[in-house]
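Given below, in the form of structure tokens, are the structures.
Heads up, the next two complexes both have chain A, just with different partners, chain B and then chain C.
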Partner chain A sequence: MLITIETRDLVRIFKHGDKEFRALDKVSIQVPEGVIYGLLGPNGAGKTTLIRILTTLLLPSDGDAYVGGYHVVRDANKVRKIINLVSGGERPGYGILTVRENLMYYGQVYGLSWGETKRRIEEVNELLHLDEFLDKRLNSISTGMMQKYALARGLLNHPQILFLDEPTLGLDVQNARHIRRVIKHLIEDKEIRTILLTSHYMAEVEELCDIVSIIDRGRIIATGSPDELRKMVKDEIIYNIDVRLSDIDRIRILRRFRTVVGYTIKTRQLTGEARIRMILSGEDIARIIRTLEEENIHVLRVTRDEVSLEDVFLRLVGRGLEDEYE
Partner chain B sequence: MSNRLSWFINRFLRPAFGRAYVRIKGGNREPSWILWEILLPLIMITSVIWAYENMGAPEFFKGFVIIGGAMMSYWYNVLWGMGRTLYWEKETGNLEVFLLSDAPLPSLLLGMALGGMFNTTLRSIAVIILGVVVFKAEFNVDYLPLAILIFILTLVALYGVGLALSGLHIVYGRMGVRINELLDEPIMFLSGQYYPISTFPMALQYIAGLIPLAVGLDGVRRALLFSEGIDALWLHVLVLFILMIVFYPIGLRILNKIVERGRMDGRLILRWI
Partner chain C sequence: MDIVRWLTRFKAVVWLTWKEQSGWTKPPYYFGYIIITPFFQLILYAYMYIVIAFYSGLVNVEMAYYLVTGVSLYNFIGAGLYGLIWTVHSEREHFRTLKYTYMAFPNLQLYLLSRGFFHYITGALSTLVMLLSGLILTGVPLGTLSVKPMLLTILIILGFLWSSQLGIMVAGSSIFSSEYGPLISEAVGGILFLLGAVLYPIESLPEYIRPFADVFPMREWMELMRYALNPAYNVADPNQLLLQLVVKTIIYVIAAVIFFRFTEKLARKKGLLEATLHH
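Coming up: the complex of A and B.
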């Protein structure tokens, strides 16, 4: 098994005045060739910092990192030849130029000739279906189109290794689905040899990734295939409890139960409901429901569910992926 | 083709061409540039010439103003324009994408400068046409090749200074813009945009000799207005040549150091500073 990306005890510290913030704390990962490798973690976990070090935009404070066999500090230019990065929600480019003109520019930046760039644009066009906006100005296209354009830019230089930082951030369901399909296709058709993807969308990581590392507060806390990770909570039971949004303040009562390993709350403003996703270490649901009702919390529905990566995260970290740091 | 030449063409000139393409294509897509780049500078030039006429200054002063006005816009585009555009590139995230490639940063800056020069050339042509047609300024075109040589050496020397100053924008962000503005007026004063630097005390003339534009402007003026040839202007050519070979490596070294520091402390990709 050929390892294309490797970090060894990677540390990154940001200093601001007297204060220090440890964004990465001895991160060690190994990414084999031919896989989509996911980094799953909440905002501020260190995913983007790690990607920026691997793409040579940022220097590590300590430790080593290799991409395609090259050291990211000592052989930075060799790394840059074989990689590209696409970040979700970013809008790099020149608004006054068309999408095609922007891609022509990036072709020159990547060292392609004018003719090669034109051919390459046609190739990525076939893959991403850019026709409808290829000749529109960049400042006039939608978010979904922008993300397709960003991906096209990322593929222009035939990278061996593609870094995708939150590739579907801010996209609607349909566009996100399309981008995910393309990402899968890139690996299946060997267009790209390896993809390292960061996301805080658990479903995205589950759908796309062969191997997942869960990262939190700069530390890798678990690594494995989605199935292997899910097995980490094989002894627990997952329940979804739907309640009224107005009752949500009193839900802290769940902390009284020893069997409640952890829970996350997702609110649905439109329906006026909230869903509590709960990990139980034992079959205690009847007692929990009874207690909730005694506290005048109106339980609307109770369903048992399969283990997801979010539950793994909750089990390991003690809070949900979308919860803010305390 | 040697590896070095191949690298220079593909990894230096090609990205520079790409960035110049962006500047020229984007700059000319909206016609408002005509107002900023041509009409406003013409008003400035006209007002200075009228002031000289009313003061009864010698006729050749008109030529001074015309050449000063035409060359000063290159100064802005090469020296200040590079840094300002780089700051903008950083804020929009374009710099981050550029730095992901193995193209050297000076190629991006060269592209910005070359692209800026395209519109600047149109401005300069407009200034010269205004001077010749409206104000009847006279130039000796026999010495045009020498003036062009001095002009090109000046631009290359300025490019070296521009590399170093661009780094300020990466590290200091908005403060880099302020530092540029702080340097702007003294350098304008010492370059002698609208008057001959020979009117300065000797000490100031020596200081001005370190500014490529001051030497270049003086050389071009003396060639085109006073019909001085290489026998009189060899020192100008030599000084500019020395400034060129000194400023470029120094500028490059400073820029590389600043970029490295930016990678270390994260400022290279940090925005809104």
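Coming up: the complex of A and C.
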């Protein structure tokens, strides 16, 4: 198996005044060719920092990283030739130019001729369906279009390795789905050899990635296929309990139960409810519900659920991946 | 092969700059704008000169020539320099493209040079318009001028070289600050204007300021340009000046390459190639 991206004990320290902050702490990953590799982690975990180092935008404080066999510090120019980067949630580009003009510009800056760029835009267009906004000014297009444009730009130079930093950030369900389909397609059709993507949506990572590393506070805490990772919580039981939003303050009593390995809360303002997702180390649900009712917390629904990557995260880290509450 | 790619890149970057600069209007209006703005600037100086001439009762053709050439030629250097320095700022903070351009263009320094190129062309255009109309306005007899084309060409190239290298160094340091970047560019432009023999010879500056003026090749360039446009213009030793200009230009080129490598490295170390506003 050919390894296309490799890091060895990668460290990145940021200095805030005289305090040091470790954004990456001895990160070692190996990304084989032909896969979509996911970095899953909460806000501030270090995902973008890792991508910035691998795309030569940032120097590591310690450790080594290789992309396509080239060292990201010593052979940065060679690395840049075989990669591209697309970041979600940004609006980079020249607003006064049309989407097509932006792409024409970048194609040539990547070193394609005018004719080659034109042809490449046609190819990319077929993949991403840009027609409806190709001749609109960049500053007038929607977020969904923007992200497609960004992906198009990222494909212009025929990169072997593509880095996607939160590629569906801020997109609606439909656009996100489209982008995910394209990403999958890129690997299946061997358009791109390897993709490294970051996300804090576990569903996205589960759907797209062949291998996933869970990252938290600058450390890789688990790596494996989504199935392998899910097996890490095979002895536990997952329950969703829906309660009223107004009861949520008292939900802390769940901590009293030794069987509750961890829980996350997702609030739904619209319905005035909250969903508590619990990992139990033993079948104890009846007692838990009885206690909740005794505490005047009205349980609306109880459902058992399959293990997801989020549970793996919760189990390993002790807090939720997308915790909105707490 | 590779040279073709470089030319394609260069062409694309010049095209982008043209679009960026002129995108708000139609091309004829844009050219009108480039020509008319310096014209008004010139009228201001011409007016000042006429007022002085009127009250002092002296019509000093030499002084008029000095002023008009100074103010117009400054445009060439100034326009190029500003354009180049602003690139880093606008690419990072406004367009948010700096990181992508950095990854795409094999050499950031050459990218900035290509971006600056367009500004030098428009600068040259305004200079030409200002020079001609200024000389006419102040009554300098055009018939007495005789241009030295060879020297002029060399000077234009040298002027582009040293000032763009200065711009690259300033642009390099503006990577480190999103707030002060634009300020630094204003400051450098101002220093060149004040210490570059634009409105007055540097001999009229206080003794202790002159060494600062000597750091820049602006004075040599200005004086030689005046001489190249009108050999009757009195410079002590043109050859000596040219030698000084060439030496300073070479030093600037070397310094810029070294300095820019250093800033690029530091920018990567600190992660400053991406927009910094949100930090």
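Methods note: the second predicted complex is superposed on the first by the 323 of 326 C-alpha atoms of A that agree within 3 Å, B and C clash if a C-alpha of one lies under 4 Å from a C-alpha of the other, contacts with A are read in each partner's own complex, and residues count from 1 in each chain.
The rule we apply is simple: contacts are C-beta pairs under 8 Å (C-beta built on N, C-alpha and C of every residue); 3 or more make two chains touch, one makes a residue touch a chain.
Keep in mind the model is a prediction, meaning the values are calculated, not measured.
After superposition on chain A, the partners chain B and chain C are seen to clash.
By the document's definition of touching, both partners, chain B and chain C, reach A:90.
In the superposition on chain A, A:9 makes contact with neither chain B nor chain C. After overlaying the two complexes on the shared chain, residue contacts for A:210 are found with neither chain B nor chain C.
Of the two partner chains, neither chain B nor chain C is touched by A:75. Applying the stated contact rule after C-alpha superposition, one finds that A:64 touches neither chain B nor chain C.
By the touch criterion defined above, A:33 reaches neither chain B nor chain C.
Overlap of the chain B and chain C interfaces on chain A: residues 52, 55-59, 77, 80, 83-85, 90-94, 96-97, 101, 104-106, 108-113, 153, 157. Within the complex, the chain B residues that touch chain A are 10-11, 14-15, 17-19, 21-22, 25-26, 29-30, 92-94, 96-103, 263-266, 268-269. By the touch criterion given at the top, residues 52, 55-59, 77, 80, 83-85, 90-97, 101, 104-106, 108-114, 153, 157 of chain A touch chain C in their complex. Here chain C touches chain A in the complex through residues 4-5, 8-9, 11-13, 15-16, 19-20, 23-24, 95-97, 99-106, 265, 268-269, 271, 273-274, going by the rule given at the top. Against chain B, the residues of chain A that register as touching in their complex are 14-15, 52, 55-59, 77-78, 80-81, 83-85, 90-94, 96-97, 101, 104-113, 153, 157.
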